[in-house]
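Only one structure is covered here, and it is reproduced in the block below.
Lettered A, B, C and D in written order, each chain numbered from 1.
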Amino acid sequence: MEPNQVDIVAEYADILQVGTRNMQNYSLLTAVGRVARPVMLKRGYGATIEEWLMSAEYIVSSGNPNVILCERGIRTFETYTRNTLDLAAVPLLHHLTHLPVIVDPSHATGKRWLIKPMSMAGVAAGADGVMVEVHPRPDEALSDGEQSITIQQFSELMTSLRAIHAQVGDLHGDPVLPNTVLKVGGAGKH
Amino acid sequence: MEPNQVDIVAEYADILQVGTRNMQNYSLLTAVGRVARPVMLKRGYGATIEEWLMSAEYIVSSGNPNVILCERGIRTFETYTRNTLDLAAVPLLHHLTHLPVIVDPSHATGKRWLIKPMSMAGVAAGADGVMVEVHPRPDEALSDGEQSITIQQFSELMTSLRAIHAQVGDLHGDPVLPNTVLKVGGAGKH
Amino acid sequence: MEPNQVDIVAEYADILQVGTRNMQNYSLLTAVGRVARPVMLKRGYGATIEEWLMSAEYIVSSGNPNVILCERGIRTFETYTRNTLDLAAVPLLHHLTHLPVIVDPSHATGKRWLIKPMSMAGVAAGADGVMVEVHPRPDEALSDGEQSITIQQFSELMTSLRAIHAQVGDLHGDPVLPNTVLKVGGAGKH
Amino acid sequence: MEPNQVDIVAEYADILQVGTRNMQNYSLLTAVGRVARPVMLKRGYGATIEEWLMSAEYIVSSGNPNVILCERGIRTFETYTRNTLDLAAVPLLHHLTHLPVIVDPSHATGKRWLIKPMSMAGVAAGADGVMVEVHPRPDEALSDGEQSITIQQFSELMTSLRAIHAQVGDLHGDPVLPNTVLKVGGAGKH
């Protein structure tokens, strides 16, 4: 998405996403800051929490207060997972900002069977939602099939997340259910 | 702890701990593999999951099958927390080995107020226990006070962990309560 | 620099620079691939050598074969220097591609007094040039003064680099002097 | 090497080496600090420069002032090389301490053909020596053959290093030839 494509995208999409590789694309941040759509800002895979907040500030100071922060893993020496999901970022961000924070275990781990435990961990850490890749037949997916779950697994995941969230809600005093953002289709890089 | 001190320590201690800086001290691993005490093997802060399992194998192949793996954070570029707690290691290790896995949010984050959410996240990810620093008056602690909670906070933490664990237990089919390992005193480096 | 600003910039500038935060801004890569100006592509601070080459390929496959790769340090746990200059990238890239490779010790280290030894190391590793920040009075610079050298120091640096390069040239069979790219002014982020 | 083996090793070896996995094995550091042999202290692959100096201080404060620091690469997200050789550590350490600093490009890169350019870069950065793996027939080596050069290549490398060093010596005012430490045999981990 180029800055000059933001308007047309905003006409049709409910939420604009700024991907991990564009977290510090300042022209794009300014452009999405000028439209009346929530923006999901994924953390740069090499970015600190402080830089991530600065990028959010770019959007907010351009006039758009509706920014959702999405932790999607950072690069480390560990190669077993695609990236290392930094869940401490969730309570840290709740301490540093009022913006909602969600977690993307699909891109962070790159492994389908890690989505459930890491989603549950994310909600237990206080995440306001999770973003998971769902596909009717993951093995036939054109992109990201390895990190996608089926619709049936998604349904079971939601049951587990509601159970965890009920406990966290009591503890944190926020009884709202986690918002699940479905990413539908797309062969892009996030 | 030197290899030739292992016997005397094992006479008095219930569990032997191999700290993060000694995860690949092969003489020590062999020595703790020869005593009849469980060994808690902390992950090296720069070690991969594979190397960590290799170190556990050193202990087991020396004759001691009772190894507990403790995730305590790895080094990354992020400086807001002391280390980055790699919670994906928990379900990964449950997939790769039968050994119990616990989580140490105190050393991982270095911040007292992150202990609760990260302990809850650890249990939600499937951890068999957590290890937290507890001190009657953390601000007066000679070591690690910044990352210690009070006895009252520990009690509240246990209530939250039991609530989370009850949900995870149902989901994973393992109803056992998490074992909490208390580290008492000590000015060492873990 | 936005994609739609590339044409006007190319009208006035001799070389276009894609900064570290935009190494994977694919719209921008495509845009600079369509103009008749050499492009200096800085390595993303969190990017692998393979990803860096992929980004260069974006530019080349858009029609512009004149890409210069610039190693400027990657993010690691070490905090003494701003980033860690990955000099092994220089001979690696000479093995993997015919594109010229230069080194930026100013941004990599963030320390003025490390520019000379790291420039010399870069040339000894086979770099085709170095890019250093130079300012008549670094302490009064509006940006990057801490990592800038004076004009006099630059002159001395060039003498040292020529001496090192004379030896490397003989050894590698390439007697051409290193090209030094001066960055003049600018308060941007690279 | 266990602490209680240090005396017998010191009886036969000219230099004691503390490997990367033992840089923070404090019992061993204290033990090698009590013998009359120079100690080569390799940097922990996950250790900061500050921690490395602290470990050297352990040895020196135990009575042994003859410590040689050996940079051998740190762990990063880059997987093309085995580790990332942090050459900025060389001038940094010359600034922070009087101890000699050498560079090990064999373990840092894991690739035979990177030894020459990275050795040259190390000397250009001011290293007091290099440590390279040499084997008469590297392809038949029981250990580390991939990162070993032949005796003939070693001879050519020394010619190149002398040429680079002659230039650096003039510039830094230290005309002494780099000391090359040959590692002979050994199947250990360094």
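Things to note:
Going forward, contacts are C-beta pairs under 8 Å (C-beta built on N, C-alpha and C of every residue); 3 or more make two chains touch, one makes a residue touch a chain.
Small disclaimer: the values here were computed from a predicted structure and weren't measured.
Comparing the CA-atom centres of all chains against that of chain C, the greatest distance is found for B. Of the two chain pairs considered here, B-D and A-D, the higher C-beta contact count falls to B-D. With centres defined as mean CA coordinates, chain D is found 33 Å away from chain B. One simple way to say how far apart two chains are is to compare their mean CA positions; for chain C and chain D this gives 29 Å. Chain centres here are Cα means. That of chain A falls 43 Å from that of chain D. Counting partner chains per residue, chain C shows two or more touched chains at residues 46, 75-77, 79.
Across the interface of their complex, chain A is touched by residues 1-4, 21-22, 24-28, 44-47, 75, 189 of chain C.
Looking at the complex, you find that chain C touches chain B at residues 75-77, 79.
On the side of chain C, the complex with chain D involves touching residues 46, 48-50, 74-81, 84-88, 90-92, 95, 108-109, 113-114, 117-118, 120-126, 160, 163-164, 167-168, 170-171.
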